[in-house]
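You will see chain A twice below: alongside chain B first, and alongside chain C after that.
After this line comes the complex of A and B, so read on.
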């Protein structure tokens, strides 16, 4: 096993991990602010991917350019899902809220999954642009152009989200609500709007990740569960509260997966993620929902 | 200015407040005293909109507060410093203060208010970049008061500001409350275990027990009330 081979593997891990980080940021936002685990988050990734895929297939819109459409579209989907479904459990006590939101999430995941099969078949789809095969070679290492662009966009999105949360009044309101929603109310923050905004942002982030998956890899109606799981593992790994932390958690998972593929074979890729998940849960006795 | 009338408030199936009525006039300091579990905090939370009364009304300068969401009540000029302070512990002192001025009415005055607050509490200016959760208990209480003042309230609701603080700090906090009242013209409704200090400070006071308002008078009258004397002998020796 040459050093170059190892390095190449790590690069692929990094490029995949950036997308894990991006998907996880959305999940983390909803988890941290609404105290709700959206198990349909991966299906939002899937929908974002299909949106860009069809924009490319039907009207030839460049996938990266299509983000201008996909991101607002998925933001709107998030608004609708929260207003129509998740907002109804928000006022409940912690236990019924978590249970009911899980039910809503599972229901949505099933519905989106089957709807996608019905509308678009179960086939794998990928966006194949003229530049899709382009590979940049640096010091003997290969960087697929579309995945490299995906890394840059994922990083940019996380950075923008971080600045939004730190610097703007709406971002401060989101952070305050995440810390103590009752105290946030006492500041004059309309927390229902904060919840709505956080959910819609989360959906937009999932959609962005979906586009990048469709252009860098491939999508099909069944990818949702895998993405929810990966995002959840990253959130558990990185904890709540820091978006850059979540992003780097995603990269860590990507690197761990590619390293394990190298050491014990790619058949055990998925196992590694779950082992990390179990390890983190074992050393986090306060559980998933604790602070 | 503030008029609560015949409030009934429940915690689940338990009634915590029974037909409670009270009044706070402009520029007045009113104390609300009584044993633990008397329903004092619940009454304050109801005025601030964190809890809904089952019946009764709260009116503040023409606004029916019992029908308004909590975030709008702040906009009308009523700020609550809740029990346990409820700071945004993971955010900086500065961020906490600025969040206090979240409402449109407060945001316009933000810089002026901030200057005034850092004059009373210089420590908040020195520590503006520190994470609020790492402040000492007394600094946290100062931040809680400062954050509430950032909203430019005309009525300040305080829930046990002296809880867990050293007597020397408590004296300072009470001095600040007096200054807020005299210098800024802010009315104050104060829930306090430190009965003597509260009654000395307040022009009027209400005595609450078992969810009912059982007594009412000037601070000095209640200080010499038999029920207060017998119930709070322990507290009278403090400070």
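After this line comes the complex of A and C, so read on.
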């Protein structure tokens, strides 16, 4: 095993991990602010991917440009899902709220998954642009252009989200609500609007991740469960509260997976991630989820 | 109340007798296969219900135990062990697995238990898929002696056994303890319910029957990928059936299973699994608006005339 081979593997892990981090950021936002566990988050990634895929296939819109359409679109989907479904568990205590939201998410995941098969067949799809095959070589290491762009966009999105949460009034309202919703309510923050905004942002982040998956890798209607699990693993690893932390948690997972692929073969890559997940859950039962 | 209870028991008895006579009445394989499927789902959803409906613990890794049962049964049966013994061992193996993971898994509460068990089942599924990426097909001699009615009767016995065990559990002291911890874990603990013990017993009952259902699956199917019974589909099916039928009720899984198989059959014209789309939507509706499922609908419809008469 040459050093270059190892380094190349780690680069691929880093590029995948950035997308894990982006997907996890949305899940973390919703769980941290609403105390709602949306297990249909991976299906939102899938939907975002299809949106960009069809924009490219039907009208030839460049996938990176298509984010201008898919991000608002997925934001709107998030608004609808929250208003129609998830807002209904808001009045429950924390424990039944999480449990019921998990069940709603489960039904939603099932419905989206089968709707996607019905509408778009179960085939694998990928966005093949003219530059999809372009690879940048640097010191003998390969950097596929679209995945590198994916890393940059994921990083940019997380950075923008971080600035939004830290610097704007709406972001501050989100953070205050996550900290203590009752106190936030007493301070005159419109909790319901804050919840709605956080959920829609989460959906938009999932959609962005979906576009990057469709252009750098491939999508099909069944990828939802896998992405939900990846996002959950990252959230458990990274804890709540810091978006850059979540992003680096994703990169850590990507690197851990690619390292384990080197050591014990790529077939057990996902098993390693799940074992880490269970270990962390066991060691801190209330989770690194907690604060 | 006693009259109603004996009426209900009598009604169930009539259904069981009618089901027992089904193979004598028709030898149509499609009818028997569908009826088999309903009975398998009654066992599977009932077993899931034992933990989730009574003790309130949502196990998203139920397929692991179904898969363990199927795997053990298939191995023993082909090795020449009598299928009844094989079935018993498959139930025992799944039950033991439940016991082993139970105590660490119940360190997790609520939703964390759900995602933890999902992770565990995924580990098992991927490992089986990697280690045994082949189709398990019965040897020719086994296929020649294949008797569908035999499988059907076994499924009937298993469904009755599961339902009877759950009926007994519901009325026992143990069952009451489980329901108490479902409503409020801390309050149950404070009133003297040993929460961990009750959870583990519910899990063991649940996984034991799931293992039996898995064993039956392995006895029924001529060929399938080893990975198939470990697929999360089995968890999702059990969960949908139990919730849509009525989670935490005795007849819920039965009503749910009949409805599920019927809907699957009606919507089977297209290649897409449309019934899952319908059930996903129904499921959300049940969670949001109708926690008692179809059973509650029936109760509400039946009660209406009496309340009107009283007014």
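Some notes on this structure:
In this text, the second predicted complex is superposed on the first by the 285 of 291 C-alpha atoms of A that agree within 3 Å, B and C clash if a C-alpha of one lies under 4 Å from a C-alpha of the other, contacts with A are read in each partner's own complex, and residues count from 1 in each chain.
Here is the rule we use: contacts are C-beta pairs under 8 Å (C-beta built on N, C-alpha and C of every residue); 3 or more make two chains touch, one makes a residue touch a chain.
Here the structure is a predicted model, which means the values were calculated and not measured.
After overlaying the two complexes on the shared chain, residue contacts for A:2 are found with neither chain B nor chain C.
After overlaying the two complexes on the shared chain, residue contacts for A:180 are found with chain B alone; chain C is out of touch. In the superposition on chain A, contact is made by A:114 with chain C only, not with chain B. Contacts of A:140 after superposition on the shared chain: neither chain B nor chain C is touched. Here chain B and chain C are compared by how many residues of chain A each touches, and C touches more. Contacts of A:106 after superposition on the shared chain: chain C is touched, whereas chain B is not. Partner chain C is touched in their complex by these residues of chain A: 37, 39, 85, 88, 95, 98-100, 102-104, 106-111, 113-115, 117-118, 225, 229, 232, 267-268, 270-271, 274-275, 277-278, 281-282, 285-287, 289. If you check the complex, the residues on chain C that touch chain A are 58, 104, 107-112, 114-116, 118-120, 122-123, 126-127, 130, 232, 236, 239-240, 243, 270, 272-274, 276-277, 279-281, 283-284, 287-288. Contact residues of chain B toward chain A in the complex are 48-50, 69-72, 74-75, 79-80, 82, 86-91, 95, 98-100, 102-103, 106, 147-148, 151. Interface of chain A with chain B (complex): residues 169, 172-173, 175-176, 179-180, 182-191, 241.
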